[in-house]
Amino acid sequence: MNTQLPSVLMSAERMADLAAASRILAARGVVDGFGHVSMRHPDNPNRYLMSRALAPALVVPDDIVEYDLGSNAVHPASAKGFLERFIHGEIYKARPDIGSVVHSHSPSVVPFGVASVKMQAMFHNAAFLAQGVPVFDISEQFGATDMLVCDCAKGQALAQSLGSASVALMRAHGSVACGPTLQTAVFRAVYTEVNARIQHFAHSLAGTAPLAALSAEEGLLADVPNQTAGLRAWDLWRAEIRSETGW
Amino acid sequence: MNTQLPSVLMSAERMADLAAASRILAARGVVDGFGHVSMRHPDNPNRYLMSRALAPALVVPDDIVEYDLGSNAVHPASAKGFLERFIHGEIYKARPDIGSVVHSHSPSVVPFGVASVKMQAMFHNAAFLAQGVPVFDISEQFGATDMLVCDCAKGQALAQSLGSASVALMRAHGSVACGPTLQTAVFRAVYTEVNARIQHFAHSLAGTAPLAALSAEEGLLADVPNQTAGLRAWDLWRAEIRSETGW
Amino acid sequence: MNTQLPSVLMSAERMADLAAASRILAARGVVDGFGHVSMRHPDNPNRYLMSRALAPALVVPDDIVEYDLGSNAVHPASAKGFLERFIHGEIYKARPDIGSVVHSHSPSVVPFGVASVKMQAMFHNAAFLAQGVPVFDISEQFGATDMLVCDCAKGQALAQSLGSASVALMRAHGSVACGPTLQTAVFRAVYTEVNARIQHFAHSLAGTAPLAALSAEEGLLADVPNQTAGLRAWDLWRAEIRSETGW
Amino acid sequence: MNTQLPSVLMSAERMADLAAASRILAARGVVDGFGHVSMRHPDNPNRYLMSRALAPALVVPDDIVEYDLGSNAVHPASAKGFLERFIHGEIYKARPDIGSVVHSHSPSVVPFGVASVKMQAMFHNAAFLAQGVPVFDISEQFGATDMLVCDCAKGQALAQSLGSASVALMRAHGSVACGPTLQTAVFRAVYTEVNARIQHFAHSLAGTAPLAALSAEEGLLADVPNQTAGLRAWDLWRAEIRSETGW
């Protein structure tokens, strides 16, 4: 029995979608044993929902816990949460336009956080990157740490680096991808990883020559269909999880 | 029940082959949630057939819609089509020799559309690339757009870039691969992706030294067996889909 | 019913091993719809055995055809053979020490046939490469062709390039890997591909600096355990096919 | 029936965990037909346990053999062991803090043993690399060999190269990853491979510019949560094996 029922009742379908998002990200190689996805509570913007600390591929709807924006579990009996849930809470605080956040260490993205090469939008599915991808270096403000965004202050610093972007890299750690909806945040996390692989290839071909990436204006225009026709990808991924789990 | 029955009756087997082609391309990593394959109507060269807007891995024969070359659905009740079906219609208009078109964003190919390195034929299975691979940059004629080939004018511009080639790259977007038959177009889409991976490796090894790629003459000669003995690959791929779907 | 029964009766187990070798190579990504493996007839050194023209993943023991060293089917009713079976026949003629040959276009190996970087042995499992890996360029002797080794003359030229090596690259085409036994030839084909991936990484790290590859002497010493303890890999791969096919 | 029962009775669960570790490493691509994992006997620090010579994907609990630190099987009737078990015995002798050792040829790691580029910690999960990763070149002390660490003297030389590090590379061969527990050694072997892939990408992006890798101090701090919260990865991997094998 779920002892972490959201205070405002969420539809079972939305809870299942959030649990499925964890498994989708695992199936696409964006998360492995680590990483997490959350969504802002649809009926209470000062709350968010995410799985208890658990490998994403194992999450079921009953694992979802409700947090306030200080990243405290609303229900004291809730299962142990992720150490880095503060990433989510602080982004929701700073960015009212954001409805969902993915944190991952997807392997093609990490290199862009340690090499001084800017991530660019290599194709229209990654259009959301064309506004620029900031890099958050936790050591600038906090010195030598265990690299984890494990409290509100570190979460705030990350949210500040993120600014108005959709994706921020975290030096020697990973990245966050955000969007207005769960579907869009998952889409962006997946295509940030795909884009990183493409840019690696492109950079290797081009050497020091510039890449004919999407311009900022093209990026704004091309991100619109990603959020409508682009839902076709979510439909595919969601169907795969449903056929595996039954929910 | 299929409400989009072709006006001239296609054999069930050919419809199944076209639907299978979508799944083959998904299984080979050429398409993901996006991308599409079409074939010219075998009994009416002014029509073409392709799936409704749907992730390629999910396509079944009943999803096939018939279009005129202006990319209007022949049957008004047809399901919603792909935004970029104009790619197909305009190539069929411009190229009577073409019987099938694949559009994809296969990840190893995209880099060649943003880096100024020509794609070359690295091995005989990619012989069709040896005549040259043009790059279509939508911004040259249309300025900043959402990158999509979403009307006849943009489709025509792409078809013009393609010229007499078998494959054209689309800057910061993807590519098209064409052939006289469905089987050959699918083969070319698959081996364009394989060739891109090989050229990436080869380029990385060779640096600025030239690659001993197929010459244009070798390409012409080597593409002949690809279209006969090469059908063995289609037979394998088709069998995989049949054993998965029953059709 | 098999209409291509070897003239000298092969044990069913050896026929199954040869058919399994095709599937092993497909499962390891060494062959795709194309490529083939043969073995010298164990009781008649002037004959060899290989599958009829068929995608390697689909081969069953009944697909095995017997050839003389001129690559003519011994039984006139035999099914159509591979266009490039002459690779095998001519290597068996030139190299009495060879008992099995694999021909493939494995994707990480092809780049070494078009870039002027020598393949080296990156680790002990690829020790057989340390004696040098010649590159056969079909155009040197035959001008512009379809790149296929489709007759005895071309097969002889390839065998001459191979010399006393275990592996030869074929420019803009693929490679051959040979060994005294079926198990060793398959092992070498697999680890040639693995070695190519490793060398690509190593080359990319090292730039123009030399790699601390196996020396020729180390290669000779290290290839000995590959042919004894190394059979453990065959046992694993063979078991996988057995559990899939029942033979 | 297991004829190699540990002299001091191990719990069935721990034996199963050790057998599962072999399969986990195979499933993650760290080992293929070759490679091995051992653990120090929990009740007798002068003994260690590892599978008989067998492909890691096939290991079952009954395959576990008990060795003394000279790498002699404790039970004379034990099945044939790995030629390179001396790697394990000599590391246990030299490093009382080590409870488990993995030896592998994981393909992204091998390049760092032949190219003169230092492996660095690209992200917090690979924090254990931030203290430095020594390279053991067997030829320095032993001249041309078959590259195998097949006796105590070679094992001692490797252990000496390892020093106080968690991971050592072996030139033109592979690597060892060590940890206080089985779970941590497996974690380190997996993330050494992931880190190598990331560093390859990062190096390719950065060229000769330095990478913003974890500092030694960050590495010490970040390796702590890897050994607590990081167990979540083991739980996922172990569950996968359990659902496959029933143990």
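Going in written order, the chains are labelled A, B, C and D, and every chain counts its residues from 1.
In this text, a contact is a pair of C-beta atoms (placed from the backbone, for glycine too) under 8 Å apart; a residue touches a chain by one contact, two chains touch by 3 or more.
Here the structure is a predicted model, which is why all the values come from computation and not from measurement.
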item	value
Given chain A and chain B, the chains that contact each of them	none
Interface numbering overlap (same over half, different under half) for chain B and chain C	different
Centroid-based (C-alpha) most distant chain relative to chain D	B
Geometric centre distance via CA averages, chain D-chain A, whole Å	32
Rounded Å distance between chain A and chain C, as computed from the means of their C-alpha atoms	46
Set of chain C residues in contact with two or more other chains	203-204
Contacting residues of chain B [partner chain C, same complex]	121-125, 127, 194, 197-199, 201-206, 209, 211-215, 217-218, 221-222, 224-225, 229-230, 232-237, 239
Chain C-facing residues of chain D, complex	32-34, 53-55, 57-58, 83, 105, 107-108, 110-117, 137, 139, 144-148, 171-174, 196, 200, 203-204
